[in-house]
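Here subunit A shows up in two complexes: once beside subunit B, once beside subunit C.
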Partner chain A sequence: MKRIFTVIFLLILVGIFLKVFVKQDIPQKISDKIVRHDLQEINYPPDEKNVTINGIDYLQSQAPVGNFGGELIISTIGEGPKTFNPCNTKDATSSSMAGLLYDGLVTTNPRTGKVMPLLAKEFDINGNDYIIHLRHGIKWTDGNPITADDVMYTYNEIVFKGLGNPSTMDAMKVEGKLPELVKLDDYTVKFTTPKPFAPFLRQLSYPIVPKHYFKPYSDKGESVFNAFLSPNTPPKEIVSSGAFQLKEYVAAQRVVFVRNPNYYKINLKDEKLPYLNKLVYMIVGDTNNEILKFEAKEIDVLSLRGSNVARYKIREPESDYVIYNLGPDTGTLFLVINLNNRKNKDGKPYVNPMKHKWFANRDFRAAIDWAVDRKNMVQNIASGVAEPLFTAESLNSIYLNKYIKGHPCDLDVARKSLEKAGFINKDGKLYDADGNRVEFDLYTNAGNLEREALGVMVKQDLENLGMKVNFKPVEFNSLVNKLTNTHDWDMAIMGLTGSPLEPHDGKNVWTSSGSLHMFNQRPAGYNIDDRLDWEKELDEIFSEGALKLTFEERKPLYDRYQTIIYNQKPIIYLYSPTRITAIRKKFKNVFPTSLSGLIYNLDEIYIDEES
Partner chain B sequence: MEVLRKIFQDKFAKAAFIVLAALYIVILFADFIAPYSNTYSNRSMAYAPPSKIYTIDERGKLSRPYTYNYKREYEPALMQTVFKQDRSKKYYIKPFVKAEGYKFLGLIPTHRHLFGVDKGGELYLLGTDINGRDVFSRLLFGGRISMTVGFLSLLIVFPIGLLYGGISGYFGGIIDTLMMRFAEATMAIPSFYLLIILAAILPSGMTSIQRFMLIIVILGLIGWAGFARVVRGMVLSIKNEDFVQAEKTIGASNMRIILKHILPQTTSYVIIAMTLSVPSYILAESGLSFLGLGIQQPDASWGNMLKEAQEFTNILYRPWLLTPGVLIFIAVLSFNLLGDAIRDVLDPKSQKRI
Partner chain C sequence: MELLRYIAKRFLQVIPLLIIVSLISFFIIRLSPIDPLAELRLNPSISQETLDKEMKRLNLDKPIYVQYFSWAKSFIKGNLGYTSAGEKVSTKLKERIPNTLLLTTIVIFMTWAVGIPLGILAAIKKETALDRLLTVVSSIGMAIPSFFFAILMLIFAVKTGWFPVGGLTSYNFNEMGLLGKIADISKHLVLPVIVLFTISLSGLQRQMRANMLEVLDSDYVKFARAKGLSEGKVIFKHALRNAINPMITLLGFEFAGLLSGAALTEYVFQYPGLGRLILEAVMKSDINLVMASLMMGTIMLIAGNLIADILLMITDPRLRGRS
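Let's look at the complex of A and B:
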């Protein structure tokens, strides 16, 4: 009996073995079905208008009129908001949620990027004077009017004192001086900048907060103010101005907002916006979790990356969502080379002088630029959902230098460039003019699949030139420490996000004294002028660019800065991911733009269940 | 030999032993068996699916096994990368083909690989990863790290554990109390968190080999305490035996008694504990590498290869990236089965496995 079982068992094994190894070659049927690729045409509504009804200055949305009611559920990755105080936000989640509660004087036109009034009714610019006219008759959620006193309070007692997050104060300073603010009447204020300062107008998007609600806390000093409006604050207590007000916050689960009945925006039928009754942020742990929630219809909006795009695109025609391609992101991925030739406290150079000689050579850097294979990086690592990048400004920036076309990967050009720089290739190994083997370290943050894969590719590309690259993914904080404190690194793969509207925000990266001037970081309080020629020119461009007020005057300057970076290559840009977002079809009045994304107009979006 | 025979009477143990022996042989000859090297990568073949191998050709005739190359196409409308077979040329799988050079067993330079296809052909038995590297080859090279990390850690754990437990048990009294409380304190540290912290503060300038060694040391340094406690318990009972008393009367030194006479009595337990603790080290290494704190790219280990499968779409569309997980499972299971069998044989007092 036992033997029979053994035989049967063996027979099954052999059967499985044969099944695996005997396979007939049947040609695959290739489907001839053409994938329709309809370009979504979006009919953008005209810009919003000011309308005065019964003495109240409303802002009228020109978007099609919709139905009231319903809810939109979006997700936020991470731990949720740390504060609802718009003056004290230090992370993206908190600032987007606090930004929802409090409007600024001005905002950005989502299509053109121009500055347009929001809480302000209009503004006049007269040299260095900015006269802001506020809306009459608009109210905070508790019914108190929004007046010039609130603006005066916000700027004089919070922003200019550096209370909360002082970054706006730092950004508003021109040569160490802050603008002056005068109240002209209850609904008019005047800012005066010490010098013409281009970024200033856009900085007025800083949220205005209610004086009667904030003042008792700001008077008690920094620590009380910083704890004010923490996530534990009872939502009913919060006085805000935005389209939505806070209803409920459940830690690590969700943040619920409901419509603000006092909001100052109306639709074409003169009905008060927003349309949606409820706006819910689900707090999710990571992108995988977010995708599963979207599949389970628990959230309505999903941003897609990499190979997920194809998965959703294929199912789009039969699904209840539409996918929008918003074009290249503001995020950039790049390879940065350490040009630091300074010594640390013990007199030891941060970068080995032998290596510094290579890195300081422009032709060496050019060779690297020509050797990196951006096309395959985009194809393999970003699954084709990205664009190769060559400029310091991101691809959707209004200041993008369109004359920089980039170049394909070409090892011959790279080799010639190395030859020109005096490097010698012996048996596939690269030596410098003094006979030293070219060998250096390449860092990135460990645990990030995208950057690790990039590192592996860059290593291979450079090894094709005969360099020896030691690729070392390290823990994120120790990488940041290397870049900002210890400076003992050779090359690194990093990413940054910039602003598509204001190139002056890149000041901390490009000016020689900037805190993120990674490729030639000077210690704080460093006062020896050892700037390279092109670093000097960058410094000049950035100080001059801020003083010029019109786009036409500024554009050539910022074009020049991108050309310098492209020629000098201290940072070699790799690619920018493309932003692809899916939203359920039932949501109408969705007008995605490359500058502002998909759901910037939460007050205009409504639900049409029938479609 | 008697012991080995007894162990092999257990069918599971026999199977486990064969599996493990096969795994170790394969990783020892990884250079020869793998069709590609550890660092080989084909840019245009990222995430290519496993090559299809046919033994019956399109006319239904039996044929030598052959495969087709893939070609990658990009569908801009769907933003999708698709791999189609390039049916213009068949590549036959041949034994002992010439391919990338390597040193056989680290000594003899050669170009021959166990199997492969002619030049121009591509054979990815288990597909490729994000950098277009052959997953099958990397599994073999990764196994070198994942399968040895356990044994090397044991070399640290066991000497420390034996000596520590031996001294503590033999001297007893206040020494015993102090030493055991210290061991217990070590055991109370949550080991995986400690590993994460230690791995994070490792100097970043290390090469992969140094990092590998340090991981072994880290794993070893937190694993000894439990083992030392059991040894101490055994020594407590052994030291009252007559032969120890005899040794003392002769005037042998304490160290000699511990090393030469007491510890050898614990051999059977040591062997059992060793086999049973290897899997936990394999898992610990995989866990660390999975979190990005262990073996780093471009070097392979089963843990860091498995990390790629973490992404949602990869599990759905690229199941071949999960194969390192399967191998971890097989290796751990085999060690456990073998360990159980050894325990049954060497330690008859303990409960039999049913």
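Let's look at the complex of A and C:
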């Protein structure tokens, strides 16, 4: 008897102990209203201006004047930067940190997406000539002037030689030819492209590096250059140009930047920016830890996902943070259908010819498009923190075709479309005109919970039409191998990140010879012209779009490409996640935009402790 | 002399072992479907030429046995190669090893300093209230999974604000004085040490208790007691020396775990040790880094066993003649 009491007592004790940890603070029912709130009204400052004081060409921020000092602590997920060499970055963390250290000639207007000068004072475009005027009197962190020689060096000896990460070289090539670069004087250079080439101007945002610091390493060849500026480089040694300079790197813990006293941007009182003394990136392994760190006030900014949004939104009024809705991001989730009718080396078709007959039928694809319930996916998978998507361009793209409105989920339309294509529904099972049961595989990468959930929902939606869907989550690498190499798949759920500024970046996906033309991939070296009519049109649009130089000329072309994809549906877009971010209230001059995010203007942000 | 010959023999045995381990692990990693370039392949702005260049740089264009031999050749020369991001493997390891060692040595030192006496105490006071209490506590310690315990501890840190949430140093660590630095590191170490300590203490304490009980039950201890020796002398001179032998073997394994034993806890606490580094390397099939850590683990295990065997030969006269 005594024993039983002891056991019960112990159990109660353990229960109370555990109860301390488990406190329900997520609302049981997440109403739409809590999650979805409109983009806040933000009073953006006017664009920055060039101001010359004592012969030095400064860039003047037009944002309200703030207080100097303090620090902003943010986080980066993963293992931290792999290099601070801006010419050799291959991952997002490294390139954003190296991007802090080195500015490019031009940058993107955070609101309009237009190209505007940064390290360059101004630029003139004259046909194929791009004349770049540099700022007089601005300096690297070690006091040396930034001149045309640095620009010449950066392009001639790094970019055009493909040193480090060659993607900029690839992007600058027009029909295999690189632009020419001439030095006109110490502060002026001229680029000449072989043909009019629209995406070129934006490529000039490539970071300019100091010749006197980089040249000794780039001269020693590729392997020395790739190891140059590794994270363990003594910070004092690094010569840079950006608003912040490196102070300290501690492996797997943090990267600390301090303000660059030589920076060329000033505020309205002509005081040198940035306001913040320090910028700290905490290196955290996963999102859960990031959330804990925000709760413990160890970091100041947190991007919120899924059900967390509702939780933070409810607590916002009595908290020390504000939440901003930045609108849909550049990520897209989609269902891609394999239209491949080619045979592999052994003469075996990549896709079963019976299935290919279904997939090649536009009405079959349309039926799928009408049957998937995007609204339901947004509500149940993304907890409402997403927008249904119907276009190939992401929703914040400046080239988005606004005439494509999409449609609701409608099973009747889907069934009619299948009937039209000759499919027959018998006892809830779908058969094609030859009497074959419609059954296929649907792949996605295992471990990605969002895509796995999407797979289950797509399967259910399509089974309403009588199709039999074998949903198979496979390892990420095997999926990539299937998509790019072996082509033996039927349908897949994937995601890609697009560029909201330059649709030409998608040419590898949309042109018939592209390396990511997943839905109808041709093997390398394939030279039979078996393009579908709409594939031909896409090829023309992408080659023509790159040659047109103004936004007004290009927009109708890229509108047309989105219409083609929407009508032909080789890829059925599902939704785009919405970015919602929390930042501590004490930070001022925060002007979030849908294109650039929350804290793109690190040099203008300041701390006002009183609010 | 005999000891030296024994050590030399053991060293010779290590070589084939290392070759076999490296062969198996290299081929398993390379034959797994993980493609180190998968992410690049899915990036719309990467061209085929860039992909080919990366293939060449990472040696992926050569057959697998050529890859193995080129790795083995540089490994023998003491060159661990470069990670797939182009950093030196040796510097990457050097950054992390001291952090992991700091954590694991503190934990091992504490568990042995507390676990052994507790085990002895529990054996002497067998079936008293104290023994029962220790049994309950160590059962809890053994039953609770380390990652779960670690997460509970993290939530505790967030709710109370008494401890930092993971990591090893605060962001303003470099501006602190020496005392401040020590205090900062200690504060960060408390929670991971508690987790690892509780979990390994339980096992050690139970093991020691069992050994001790077995010895206390043996004839020679009964004989010593019958001779009228004092209880202290019986326990420390006769029983303990015999009960400690299996623990020395255990110590050898603890040595092997110095670098790898805390990986899970390290991951949950975002501790900047080897655990996180190697986990990411495996996920990305970063072959040089994975191989370096596997070889290190193998060498540590062999060395740990060797140390244990030598210590055993010193403590146990029965073993000396045999080898």
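The rule is short, and it goes like this: the second predicted complex is superposed on the first by the 571 of 611 C-alpha atoms of A that agree within 3 Å, B and C clash if a C-alpha of one lies under 4 Å from a C-alpha of the other, contacts with A are read in each partner's own complex, and residues count from 1 in each chain.
As a convention for this text, a contact is a pair of C-beta atoms (placed from the backbone, for glycine too) under 8 Å apart; a residue touches a chain by one contact, two chains touch by 3 or more.
In this text the structure is predicted, and so the values were computed from the model without any measurement.
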Which partner chains sit in contact with A:443 here, subunit B, subunit C, both or neither? Use first/second/both/neither.
first
Once chain A of both complexes is superposed, is A:252 in touch with subunit B (first), subunit C (second), both, or neither?
second
When the two structures are overlaid on chain A, which partner does A:82 contact: first (subunit B), second (subunit C), both, or neither?
second
Is A:292 in contact with subunit B, with subunit C, with both, or with neither (first, second, both, neither)?
both
Pick one for A:380: touches subunit B only (first), subunit C only (second), both, or neither.
first
Once the shared chain is lined up, is A:471 touching subunit B (first), subunit C (second), both, or neither of them?
first
One more residue to check, A:306. First (subunit B), second (subunit C), both or neither?
first
Who does A:185 touch here: subunit B (first), subunit C (second), both, or neither?
neither
So in the superposed three-chain picture, is A:237 touching just subunit B, just subunit C, both, or none of them (first/second/both/neither)?
neither
Identify the residues of subunit A that lie in both the subunit B contact region and the subunit C contact region.
21, 292, 475, 477-478
How about subunit C: which of its residues touch subunit A in the complex?
33-35, 38, 40-42, 44-51, 53, 82, 85-88, 91-92, 95-96, 152, 154-159, 161, 164-169, 171, 173-174, 267, 270, 272-273, 276-277, 280
Taking the complex as given, what residues does subunit A use to touch subunit C?
20-21, 71, 73, 78-79, 82-83, 88, 90-91, 165-167, 170-171, 226-227, 230-232, 248, 250-254, 256, 280, 282, 284-285, 289, 292-293, 295-296, 298, 475-478, 480-481, 483-484, 496, 498-499, 505-509, 515-516, 524
Help me check something: in the complex, which residues belonging to subunit A touch subunit B?
21-28, 30, 35-37, 287-288, 291-292, 306-311, 313-314, 373, 376, 379-381, 383-385, 441, 443, 446-449, 452-453, 455-457, 459-460, 470-475, 477-479, 482, 580
Residue numbers of subunit B touching subunit A in their complex, please.
39, 41, 43-44, 46-47, 52-58, 60, 65-66, 72, 74-81, 84-85, 87, 130-132, 200, 204-207, 291-293, 296-298, 307-308, 310-314, 316-317
